[in-house]
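Paired with chain B in one complex and with chain C in the other, chain A is shared by the two complexes that follow.
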Partner chain A sequence: MTAAEYDRVPRLAVRDYASPLAEKLRHLWETKPGVIGWLASVDHKEIGLRYIVTAFIFLIVGGIEALIFRIQLSQPNLTVLTPEQYNELFTMHGATMILWYAFPILTGFSVYLQPLVIGTRDMAMPRLNAFTYWLFVLSGIYLYVGFALGAAPNAGWFNYVPYASKAFNPGLNIDFYALSNILLGISTTLGSLNFVVTILHMRAPGMSINRMPILSWGTLTISVGNLFAMPSVTLAFFLLYMDRQFGTHFYQQPTGQPLLWQHLFWMWGHPWVYVIVLPAISLVSDALPVLCRRPLVGYTAVALATVLTMVLGFGVWLHHMFATGLPGLALGFFSAVSIIIVIPSAVSAFAWLATIWTGQPVLNTAFHFFAGFIVVFVIGGVSGFMTGSVPVDWQLTDTYFVVAHIHYVLIGWNLFAVMGASYFWFPKVTGKLLDERLGRWNFWLMFVGFNVGFFPMHISGLLGMPRRIYTFPEGMGLDWLNLITTIGSYVFAFGFLLFLINIVLSLRHGVEAGPNPWDAATLEWTTPSPPPPYNYVVLPTLATREPLWETRLDEAPFHSDLGKGLPLDHGKEALATSTLDGQPEAILRMPEDSLMPLLLALALTLMFAGLIVKLWWLVIASLLIGLLFQLIWLWPRAQLAERRL
Partner chain B sequence: MMSSDDRRRVGAASPGRVAGAVACAMIAGAVLAPAAARAETPLDYWWTHGSRAQSISHLLWFSTAVSILVIVIVSALLLGGIFRRRSLPAPDLPGQAAVARPHGGASWITIGVGITTVVLVFTTVWTFATLAHTGPQPGPAAVRLQITAHQWWWEVRYLSDKPSEEFTTANEIHIPVGQIVEVKLRGPDVIHSFWVPKLAGKTDVIPGQENQTWLQADREGVYRGQCGEYCGQQHAHMAFEVIASPPDAYAQWRQQQLQPAHATDATEPQSGEGLFTTRCGICHTVRGSRAGGILGPDLTHVMSRRTIAADTLPNTTGNLAAWIADPQHIKPGNRMPRLALSGEQLTLIRHYVETLK
Partner chain C sequence: MTIVAVPRTELPIGSVTPRTVGWWGIIAGIVTEASLFAYLLFGYFYFAIQPHGEMWPAEMPTFKLAGPNTVILLISSVAVWYGERGGRQGSRLKQAAGLGTGFLLGVIFVTIQVLEWKAKSFSYNSGPYGSLFFVITGFHMGHVVLGLLMLFPLTIWSMLGYFGPGRDAPISIGAIYWHFVDAVWLTVFFSLYITPYLGLRHG
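Right, the complex of A and B next:
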C-alpha cells in the first residue's frame, strides 16, 4: 500500500439502524453462523455474555459446595462429611467464588458494557479478549478436573505453606490449584491490559476522561491495579510449584520462609478484594442515579475515591497477618491504613445516599437490589473497620466474624450489585424486561436469606467460633447460631434460583424493552436492544456526561451529537481517540474472527497439563504448537494497519 | 417507569414487611445475644478476664458500638431517602418521571466524610494506645512457658533457670492468678495459632520463627484455648485449657508435676506398664518409666488433666478406653494409629494409664 492509502477524509452519516449502511456494517461485524463461527467469534458482546454465563455457573457450583457443608455445620458433632471432605469443599468453595466467579462476572459485565458505554464498536484487542475468556474457562476446568480426579485442593483458598507444601500435602491437589491459578493469572493480566487500552484510547469523540461513566473508572482502576498485583500471586504459585515438584526451598524449612508465601499472597490478595468489588460498586454508581431520576451526586469525588481505594488497597495487606508476630511499627502503619481506607468507601456511600435523598427513586427490582446493596455495603464496611484495628483483630481474625465480613463484602458488594445490574442491563442485552413480580420475590428472599444466614456469623465469631473447622462441640453457645446460618443460606440459595427462573421465563414471555426502558442518560441506551454486532451505526460525539438528558437538564452550552457521526464502514473499523480529551486520532482496523485465541488457549492448557504430570515431551510439544498459533495470530497484514484521520 | 401509586403498593408488599420484622429481630439479637449467652460461651471475648484481654475488649465494644450506630444511621437515611414525601414534578416525557439536578447533594459527602474521618482518626489513636499497652509484655514474667504446637495437640514445657525444675505436659496449662506468664511459641510442622480468647488474642505459631506472647489472668478459672489458624484435618479438635489458680495452689501443682510416675510391675511384659512401654512408649513419655517417645503428648500425669485428645473429650474412664481402642473414630486423621489390641490388653493399658495421677 502507498502512504496515501493510510490517509482518509472522514465523512459523516445519519444514525439509522435500518439503513443500507447498517446492513453493510452488520455484514462486516456479524459472528459467522455454525459451531466454528461461534468458537471463532471475537464480538465483545458474545464474549461478555459468555463470561457472565460461565461465572454464574461457577457461582452455582460454589454455592452448592457451600450448601453441602452448611449441613455438616448445622448442628454440633455431625459426621455428614469427613474432615478431609469438608476441607476440600470449603477450599473449592472459596477458590471458586473468589477467583472463578467474583472477578470473571465483573469482567463479563465490563467486556459486554465497556465498549458500549464509551461509544465504540469493540475492545481494543478483540482476539485477546476471546483468548482471555477461553483461558479463564479452561483454567476453571483444569481446577475441577483435579476435583473430579480426587485431587481437590484442601489447604484453603489462601493455601498457606507449610500445610500446602509437599511434606503435608503429598498429592497433586495443591499442584492443580497452583497451576490453574497461574493460568487464570495470565488471563486476568491480559484482560486488564485490554481494558486499559480500550478505556484510555477508544472512547467516543468528545468523551473526555471526566465524562466517562463510573464503570469505566472502576474497570480502568482495577485493571491498572491488576497489572501491579497479579505478578505477586503468579510468582507465589510458581515458587510453590517449584518447591513441591523440584524440591526448591523458597517456603520450605530450613532455609525457606513460610511467611514469604503470606506476603506474596496478600500483596495480591488484598488489592484483589478491591478488584472484585470496585467495578461492581461502579455499576451501582452508574445505574442508581438513573433510577433516582438525577445525575450521580459527586461524580468527581466518587471517581477519585475509586482510584484512591485501589491505591490505598496496596498498603493494607499486612492486616491479614496481624497475628504473625510482626514488629509493632509495621502493625501500626498497616492498621492505620486499614482504618483510613474506609474514607473513600464513605465517599461513595454518602454519594448514593444523597442521590437517593435528593432524587426521586423508582422502586423497581433493580432499585431494591441497589438499596439492599447499600445496607450490606455498610455492614461489610464497618466490620472491616473493626478488623482493621490490630488488637481487636488479634481476637477477631480467623473467627466466624471474618467469615461474616468476607461474605458481606463479596456477596454484599459484589453479588447484590451484580444482581441489581442484571435487572438493569438485562433489557439492553436481551431486548426483554425481567419480570418485576418475580423479581421482587427474588430480591426479598435473597436479602432476607442473606442476612439471616450471614449476620449470625458475626455473633458466632464474637463467641469465638474459629473458621475452617469441620465441626464444633456442644456447649459453646454456637448450636442455634449455626442452625440459623444454615437455614438462611438455603433461603438465600432459593432466592437466587428464582433469578434463574425469572431469566428463563422472561426470555420467553418477557415484555419488549425497546432501546431505553429506564429513560437512562448514557450512550448504550441509544442502541437497539440487543445492540447490533457493530454497536453504533455512526459513532456519537459527546459534549456532556449525560448525553440523553442534556436537553432536559439544560446545563451545558454545547450539546452532544448523537444523530450523526462517523460511519467507519471501510471494513471492520473503530476510532482511536486521545487519552484525556477524547479527540479523534486514528481509524483502527479491527481483526476478523479467528480460531487462534481458542487454539492457543488449548495449547497453553495442554502445556500446563504436561507440567502437572511432568510429561516433558508434552510440555515442549504444546509449547511449540502454541508458538505456531501465535505466529498465525500475529502474522502482519497490511489491511490491519491503522489510518490517520 | 412506575407511577406513585405503584410505589405505595410496593412499600406494602408482604415480603418487605417480613423482611422488616426479621431485620428488627436480627439487630436485637446482635445486641443481646453476646450478653445473654455470657454464661455458656467459653470462647467469647466480649467479656474477658485479664488486663490484656480487657483493654482489647473495651476497644472492641467501642468499635462495635460505632459500627451499629453507623448501620442504624445509614439505614435510616436510606429509608428516609426512599420514602420521604416529595412534590413530584410533571413528567417531561410521556410515561417517564422527570429528570433534574437538585442542588445540595455535595454537602452530604462533605459532612458525612468529615464526621467519618474524625471517628476513624479517633479509633486509630485508640488502636495505637491499645497496641502499645497490650503488645509488649509489661514486666518480668513469673512463669515462662515454651509451647510447641503439633498437628493437633499442644506440648507445654515449663521453663526454669534450674534444669531440674523443668517439665513437660500437654494440652493443659496451669498459671498463677495475677502474674505475668511469658509464652514462647514453636511450630515443628505447619502454622497454628495460640489463642485463649478470655485472656489474649491470637499469636501465630510459625515453623522457623519463634513468636512470643503473654498471658495474665485476673481471677481463678478454667479458660478454653483453641488453635486459631487452619492446620489440617483436625484443626477443629485442637483445643486446650488454661487453668488459673491462686499462686500457692499453682506452686503445689507444679511440685506434683515434677514428680516422676510411680513405678509398677514394669518388668513383666504382659503387665499394664510392660504393654504400655512396648505399644505406646514409642510415641509417649512417662517420666520414671522406660516409655520415652516424643511424638505424642507426655502422659506422666495424664490423670491429673481434665480432658484428653486436646480438649476433645472429658477425661473419664469410658472416654479413655474408647480413645485407646480407636482414636481414629473420635478424631479422624489424627497421628495416633489404631492399635490392634485385645480387650484384655486394652483393659491392662487403661488400668496402667489410670495410675498416672
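Right, the complex of A and C next:
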C-alpha cells in the first residue's frame, strides 16, 4: 500500500496458523537474526522475556546479599562483616529487591502478556517499550558499578537525610543511588505511559472495558498511579543530588528541611507498595479461577477494589512518619485511611476464597503457590493493619516487626504470586510444562523456608530488636530467633534454586504444552505456544469475558468470534479501538525494529556517568548525541502514516 | 447461539483520527509532568508555611521582566494554535508561519528569562528561597527548551510540506505540549510572583 491510502475497509480472514497469510505475517513481524537484530528487536514478547530474566537476575543478586548478612546476624557479636559493609549490603539488598526486581518482574509479565490478553499484536509504542527495557538494565548496571567501585548506597533503601547528605556521607555512594534512581524513574514512567495507551486504545474489538482481564485492570491502575507518583521520588533524588553536589538548601541544615525528603519519598513510596503488588495479585485473580474451573467470583468488585486501593494508597504516606513529631490531627487522618484501605485490599482475598470454595480446584504447583500466597497475603495484611494504628506503630516502628511486615508483603504479595504465575504461563511462553514433582518441592521449601525465616522477625521486633543493626549482644532472647531466621532464609533460597533447576530441566525435557494446557478461558490460550511474532493471525472479536468457555457457561446470548477476523496484513498493522466499548477506530501502522532505543538509552546513561564524575563536556556531548538519536527516531515517516507522501 | 461480527466499515489508517497513539501518549506525559510541577510547588509551599526559619529574600518579586514575559509566552501559544488550525484548512503557509512565530516567541521568552535570572540578588545556593526559585524556574525553562526542540523541527517539516489535512498528528502533539508548558508557567508565576503579595510571606 502507499501512504496516500488514508482509509480502507478491512477484509476478513479465517484463523489458520499454517496458512500463507500466517507466513506473510511472520515475515512482516519477525525479529531479524543476528546480534544487530537482537539488539534492535521491538517485539513485546522478546522484551517482556528479557525483563523477566533480568529481574530474576536482580532477585538472585539481592538474595545473595541477604544471605551474606544473614550469616552476620545468625549469632550475637559476629564480625563476618564490618558495620560499613553491613550498611552497604542491606541497602543494596533493599534497593535491588524493591526497585530493580519487584516492579520490573511485573513489568516483564505485563509487557509479555498484556498485548496477548487484550488480543493485539504489540504494545502501542514498541520502540518506547524497548527503550524502557534498555534504560532499566543500564540503571541497574549504573548502581552496581557504584557497588563495584566501593561506593554502594549505605543509608538504607529509603535513604533518609541528614545521614544521606554530604556532611555525613561524603563519598559518591549516595550520588550513585540518586542518579541511578532518576534513570530508573524515567524508564518506569515511560513504561507506564505505554501501558496506559496500550490498554485504553488497543484492545480487541468487542473487549469493552468490563471484559478486560483483571491483569489489565491491575496494570492500568498502577500505570496511572505511576504517572502521578513517580515524579515525586525522581524529584526527591534530584534535589538530594543538587544539595550534595551544588550546595543547594533543600534538605541541609540549618536552613533546609530534612523532613521534606521523607514527604517526597513516601508520597511516592506508599503508592509504590501498591504498584509492586497490585499487578501481582491481578495475575492471581486471572490464573486462580482457571485452576478452580470457574470464572472469578466478583469480577466487578475485584476490578473496582483494585482501583480504589490505588487511590487510597495516595493518602497513607504519613504512616511511615508517625514517629517524626507531626501534629496529632494529621496522624489521626492518615491512620484512619491506613486502616480503611484494608477493606478494598481484602475484597480480592474474599473473592479468591469464594472462587476456591465454589470451584473444583486442580491442586497443581501453580495452585499451591496461589494458596500459599493467600495465607501470607493475610498475615502481611494484618501486620500492616496493626502498624496503621499510631500507638502500636510508635511501639513497633524501626524494629524487626516492620522488617517482618515488609517481607510478608513484598515476598508474599509479589514473589509468591510471581512464582505461581510463572508455573501458569511458562507453557505459553516456552511451549513446555514445568515439572510438577520438582515444583512441589520448590513450593514447600519456599513456603516453609519463608515462614520459618520471616515469622520469627515479628517476635524479635516485639522483643525490641531494632532494624538495621549489624549485630546484637547475647542473652537478650534474640539468639535463637535470629538463628532460626537465618536457617529459614537459606531453606527459602534453596527452594528458589529448585525453581531455576526446574526451568533448565523442563526447557530440555519438559512435556509439550500445546496451545491451552490448563483449558483456560482467555484469549492468549488461543495462540500456539510459544505465540508467533504477530501473536494473532486474525484479530479475535469478543462477546464475553471468557471467550473459550462460552459454550460451557452458556450465559451470554452472543458468542465471541475466534474463527475469523481482521488479518490486517498490508504491512505491520494493529487495530485501535475505542476506550470504553472496544469498537474499531483505526488501523495502526507499527514501527519496524530499530537500534535507536538502545542508542538513546546508552547516550542518556553516558550523560549520567558524566554527571557523577562531573565531566561537563561528556554531559553536553551525550545530550547532543541523544537529541540527534531522538530526531532520527521521531522523523515523520510516510510508511507509518505520520506524514503525507 | 449468535456469533458477534466485527463491524466492517471503512477505517482510517495510521495517525489520522484526532486521538492517535501519540496523542494519548503526550496526554499521559503531560499528566506526569504536571505532577512533577505539583511536587515542586509543594516543596515551595512546604518551606513557605514553616513556622521557624525565615526563607524569603530581602526584596519582593518584581513584575518588570516576568510580567511582559508571561504575555509573550501566552501569545506564542496563540501563534501555535493558529498554525495548527491553518494547516488543517490546507494552508502550508499559515501552518509554518504559526509554528515558526511560536518558536521565535519561545526563544525570546528564554532570553528574557535568563536576564531575569541575572537580575536576582540571590543565587541557587544562597539559601532555601534561591534554591527553590532557581530549581522551579529552571525545571520550567527545561520544559520550554524541550518544547522549542519540538517546535523547531515541526516548523521545518511544515515548510517541507510533510503535513496536511488528515496527516498532522505530530503538530497536534507538539502543540498540546507547548500549551501545557504555558499553563505550567501560569502556576509557577502565580506561586512565585503573586502569592507573596497575597499574604504567603508573613511576618
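The rule is short, and it goes like this: the second predicted complex is superposed on the first by the 637 of 645 C-alpha atoms of A that agree within 3 Å, B and C clash if a C-alpha of one lies under 4 Å from a C-alpha of the other, contacts with A are read in each partner's own complex, and residues count from 1 in each chain.
Throughout what follows, a contact is a pair of C-beta atoms (placed from the backbone, for glycine too) under 8 Å apart; a residue touches a chain by one contact, two chains touch by 3 or more.
Keep in mind that this is a model prediction, so the values were computed, not measured.
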### Query
Taking the superposition as given, does A:589 touch the first partner, chain B, the second, chain C, both, or neither?
second
### Task
Check whether A:347 is in contact with chain B, with chain C, with both or with neither, and answer first, second, both or neither.
first
### Message
Quick check for you: in the superposed arrangement, does A:636 touch first (chain B), second (chain C), both or neither?
### Response
second
### Task
May I ask you to decide whether A:257 touches chain B, chain C, both, or neither, giving the answer as first, second, both or neither?
both
### Task
Answer with first, second, both or neither: which of chain B and chain C does A:299 touch in the superposed model?
neither
### Task
Tell me which partner A:452 touches in the superposition: chain B (first), chain C (second), both or neither.
first
### Query
Is A:627 in contact with chain B, with chain C, with both, or with neither (first, second, both, neither)?
second
### Query
Which holds for A:382: it touches chain B only (first), chain C only (second), both, or neither?
first
### Query
Which chain A residues come up in both lists, the one for chain B and the one for chain C?
254, 256-257
### Summary
Contacts from chain A onto chain B in the complex sit at residues 82-84, 87, 155-156, 160, 162-163, 168, 253-254, 256-259, 293-295, 297-298, 301, 323-325, 328, 331-332, 335-336, 339-340, 342-343, 346-347, 349-351, 353-364, 371, 374-375, 378-379, 382-383, 385-386, 389-399, 440-441, 443-445, 447-448, 451-452, 455-456, 458-459, 462-473, 475-477, 481, 518-519, 521, 549, 552-553, 555
### Task
Under the touch definition given earlier, write down the residues of chain B that touch chain A in their complex.
1-2, 6-7, 10-11, 13, 15-16, 18-19, 22-23, 26, 29-30, 33-34, 37, 40-46, 53, 55-56, 59-60, 63-64, 66-67, 70-71, 74-75, 77-78, 80-82, 84, 86, 88, 92-93, 96-102, 104-106, 108-109, 111-113, 116-117, 120, 123-124, 126-128, 130-132, 134-136, 189-191, 193, 197, 200-204, 206-209, 211-212, 224, 226-236, 312, 332-333
### Message
Under the stated contact criterion, what part of chain C meets chain A in this complex?
### Response
1-17, 19-21, 24-25, 28-29, 31-33, 35-36, 38-40, 42-43, 46-47, 50, 53, 55, 124-125, 127-128, 130-132, 135, 149, 153, 157, 161-164, 166-167, 169-170
### Query
Okay, in this complex, where on chain A does chain C touch?
1, 3, 5-10, 12, 124-125, 128, 189, 192-194, 196-197, 200-201, 205-206, 226-232, 234-235, 239, 242, 246-250, 254-257, 260, 263-264, 267, 539, 541-543, 551, 557-561, 565-566, 576, 583-589, 627, 631, 634, 636, 640-644
